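Lettered A, B, C and D in written order, each chain numbered from 1.
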Amino acid sequence: MRINPKKVNKFIQIMLNVQAFFTVGILIVIVALILVKGIGNINLEFLFSFPEDMGRHGGIYPTIIGTIMLVILSILFATPLGVGTAIFLTEYTKETILTKIIRFGVESLAGIPSILYGLFGFIFFVIKLKMGWSILSGVLTIAIMILPTIIRTSEEAIKAVPKNFRIVSYSLGATKWETVIKVVLPSATPGILTGIMLSVGRAVGETAAVIFTMGSSLRLPTSIMDSGRTMAVHFYILAREGISMEKAYATALVLVLSILLINIVAYYTMNKVVSRFS
Amino acid sequence: MLKKIFIIFTTVALVFICSCGLKENRQGKKKHLITIAGSTSVMPFVEKLAEYFMLQKPNFIIDVQGGGSTAGIQACINNTVHLGMSSRKLKEGERLNEIVICYDGISIVVHPSNPINGLSMEQVRAIFSGKIKNWKELGWIDRRIDAITREEGSGTRGSFEELVMKNEEIDDSIMVQDSNGSVKEIVATDPYAIGYISLGLVDKRVKALTIDGVVPTVSSIKTGAYKITRPFLFLSNGEPDDYTSEFIDFVLSKQGQDLLRKEGLIGSYE
Amino acid sequence: MVHMNRWVSIREKIVKNTLTVFALSSLLFLFLIFIFILIEGLPLFLKVGLKNIIFGFKWAPTKGYFGIFPMIISSFLVTFGALIIGAPLGLSCAIYLAEYSGKRLKMILKPALELLAGIPSVVYGFLGVIYIVPIVREYLGGSGFSLISTSIVLGIMILPTIISISFDSIMSVPRSYREGSYAMGATKWQTIFKVVLPAARSGILASFILGMGRAIGETMAVIMIAGNALKIPTNITDPLRTLTGNIALELAYATGDHRLGLFSTGIVLLIIIMALNYLANFGIKRRI
Amino acid sequence: MDVKIKIDNLRVYFEKNEILKGIKINIAKNMITGFMGPAGSGKSTLISIINRMIDFEDNVKIEGRVLIDDINILDKEINPVSLRRRIGTVFAVPIPLQRSIFENIAYGPRLKGINDKIELFKIVSDSLKKAFLWDEVKDRLDMSATKLSGGQQQRLCLARTLVLKPEIILLDEPCSGLDPISTAKIEEALSELKKEYTIVLVSNNTKQIARISDYSAFFYLGELIEYGTTEKVFTNPSQKKTEDYISGKFG
């Protein structure tokens, strides 16, 4: 039997169609499941009241605060470092062995799985530096974990700023730093923000690295030396220990919605950058 | 831009200072912090006790963390916590002050739909040592037994090994979960599962088996008929300080013991 | 006038030095991570012996056995399982996006798929436990906490990685290659299979390797769904324990040699991950 | 003539290629000096040496001296940033920064530490007037500079340079992309400006050089072929090559 190439072509196209939509379907199903099962249990009271009986009743307020503290502090810690590194790599140095080594380091950091960050944070911050299970330990661990993302996206964003802007700035008598601060960074800001948002998403959803460094105390953290629980960790414990499926779905919904929102904002700002320079 | 960065950095610094300040402040207002860590089996009950205690005495803050019995004992020896929690007896060389807050039975649980109601100690041992792998051997359908144990280092596992397994080892093919809750969750959803959890956690989602014909209940434990029991301990390095003692006294008081009893545990004086 | 304001040139110097320190900090962190995992894990290798850890079959750290061979095998098993599920789906999705979908669809699908990557892994694990485990238990037997369930969940989790990197490498195949093929009378799929995919080969390979890296490093979803039994699975419905699962299950409880054993597990994991990253980087670089 | 820039035996190498082969030229103060020559003749490189923008290129080797007011600007002691504050540059393509018209021009003064609104407004409007752009933009100073037309953008760049009150203005083919009307406006501005500034104009357009420059230099393959008053170079060139170039036989 001779195979008709046109029919094969059609067949393959249909197959690809099916697979592509199957894949997209998975996303829709995941989000839909969480949405349908979780929406009924979400209300203001759930968001702003304290959990009772290990989370079986009540809300998730302390975990929201724990998540916000973790995310904001780790971003504040990682952003200057990450953007600074990106500026150094793009503006202050030529391709040398040093930059190669630094890039290698960043790549390697990016590839390390989060459980190893957890292992490191646990032994270094929690045990050796005697910070204990605390928000501070979690913040430092997560900051190191998200650093490569921030460096790489910032570097891309800074590289995308046209060289001409720098030339003009220098020709008008600006120093390197003035050029970076007044011309390069403002143009690269949306791209850098995208990287930060992606990192926020990662920090919000992280469990393995957080649970071993920040602990899982359900109390409302009042200082960075307190242990705390993030939404992701709370969800993990609720789901895994079968404490309450309703609360687990509701927490998952809050978690997924906030991450989707963050990613959409990130994507939107990134598109703005792309259209700006093309 | 430079200004903005400066402002951000200042804010960070302020946040740090404030948050440290808060901590100072808290101690300044004479709030007493008691840190407790250890067995995850004991933790949920102590959390509940702490919740009640803090309601009555708002000048106390009690921080309850998991970590496992072994970690709790270590933390106590290193003086990093005020109290350790353990769900197993101390080994030789672990010299700490023991306070029995209550007793707990370890019940062997299966899915409610499982027709088997009781096993002998030998059968349980055979299941967990891998000698019996199929429900058919116990008189039910031809289906693999999904046995679940706890992870190495867990106090519940330690007690289970000591009281049930005796000298036999738990087989490698048996599933491992890292908390009472997750063992219970699997048993509650898998009709062919068997596991062991704290008696206090047994509810209608799982069925507790009789062992050698004895139903695990508060009374059967009290009389000593049900053999798989263990103490829940508070541990302190030397005599506990006054504030910690106040909490211990609350736990051992009638109110505290009633709370524990309501959770299915057996009071320390019974 | 010719000489710079002194404060300005001092500021420039301070800035440059600060930025250098910032840039070096990532190296410092990498160094610290390596050193502290090695310091904790190596002594046990010396004490128990490399062979007894890497090729040991028995893991009973409180009794002096530290064999992680079954976990190494299990880690690779779930990773390949994830690849078997994720690679064909991901690649065909990438081909569809790059070659067949219209611009408008691309604009919607690409970001939608990238959002998949943002969903926390614990959510995948949870949904796996609720929906995949019972189906496997019902139709394939066993407890459902198994190699097959874990592979499915990980396979879905690595889809975004595979799709986005394969897509980029397919898109970077020059248009002229395709035109040349069409000019010789090839159909679209012939062009894709004979010209485009071979040209994008190394990038696609890199996407698979990075996907593997993600699968082998995943922790929380895995301990929720893998069953964590210590034996090497002999059947797709058998439970298994990965290297990451071993660390996460026992870290909080471990003291003494037990903890060192977990750090040894970490060292092995770190070495595997580094090797995979090199392979992936090599693939990506060759493409450029 | 009153010499502002004295270039003495300047040789420049890019990797192994000699781009400038021993240039000697004196550039007169408060005059327009036109540099012409075909592509690759080295005239743009010469410009980038005078303002030290060449520092941003890799693998460059420079020999010889460039004296401005008898100070060698290639000296290590010289800070290129402060040098560039004395030398304005206008590039071939107008490059407005991504900010408003006003802020584009205020960029340089702000770097110098001038932040007073009234003072800024005064110097910005002055330089816009000098660049013959004021009338066209005075009502929309807050508009993004990227929305201006090409010719307006180039005059904006000129104004941005003028606001720094440089001693020297370097123009690197400033009219290459512009229509005749815009070109005429820029030429008009330059003729006014030479009263205060020393201007170097690089152009491929020999007619433009002939129209507005006082002195003309012809470069060819990294060598200075001919230099003199514009009148002499265009009416009675001493070299055959110059004559061929001016008459359009090559280039």
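General remarks:
Simple rule for what comes next: a residue touches a chain if its C-beta (ideal position, glycine included) is under 8 Å from a C-beta of that chain, and two chains touch if they have at least 3 such contacts.
Just so you know, these numbers come straight off a predicted model, no measurement behind them.
Taking the mean of each chain's C-alpha atoms, the chain whose centre lies closest to the overall C-alpha mean is A. No other pair of chains shares as many C-beta contacts as A-C.
Centre to centre, using the average C-alpha position, chain A and chain D are separated by 48 Å. Distance between chain C and chain D, defined via averaged C-alpha coordinates, is recorded as 55 Å. Centre-to-centre, using mean CA coordinates, chain B is 80 Å away from chain D. With centres defined as mean CA coordinates, chain C is found 34 Å away from chain B. Contact with two or more other chains is made by residues 80, 175, 182, 186, 240 of chain A. Contact of a single residue of chain C with at least two other chains is seen at positions 8, 252. Shared interface positions of chain D, i.e. residues touching 2 or more other chains, are given as 81-82. Contacts from chain A toward chain D in the complex involve residues 94, 162, 164-165, 167-175, 178, 182-183, 186-187.
The touching residues of chain C, when paired with chain B in their complex, are 58-62, 70, 133-134, 137, 141-145, 223, 227-231, 238-239, 241, 249-250, 252-255, 258. Remark: chain B residues 66-71, 74, 143-144, 146, 151-154, 169, 171-178, 186, 189-190, 192-193 touch chain C in the complex.
By the touch criterion given at the top, residues 52-54, 73, 76-77, 80, 132-133, 181-182, 185-186, 215-219, 222-227, 237, 240-243 of chain A touch chain B in their complex. Of all residues in chain B, only 1-2, 5, 8-9, 12, 15-16, 19-20, 22-23, 26, 44, 47-48, 51, 61, 63-66, 80, 179-182, 184-185, 188, 205 touch chain A in the complex they form.
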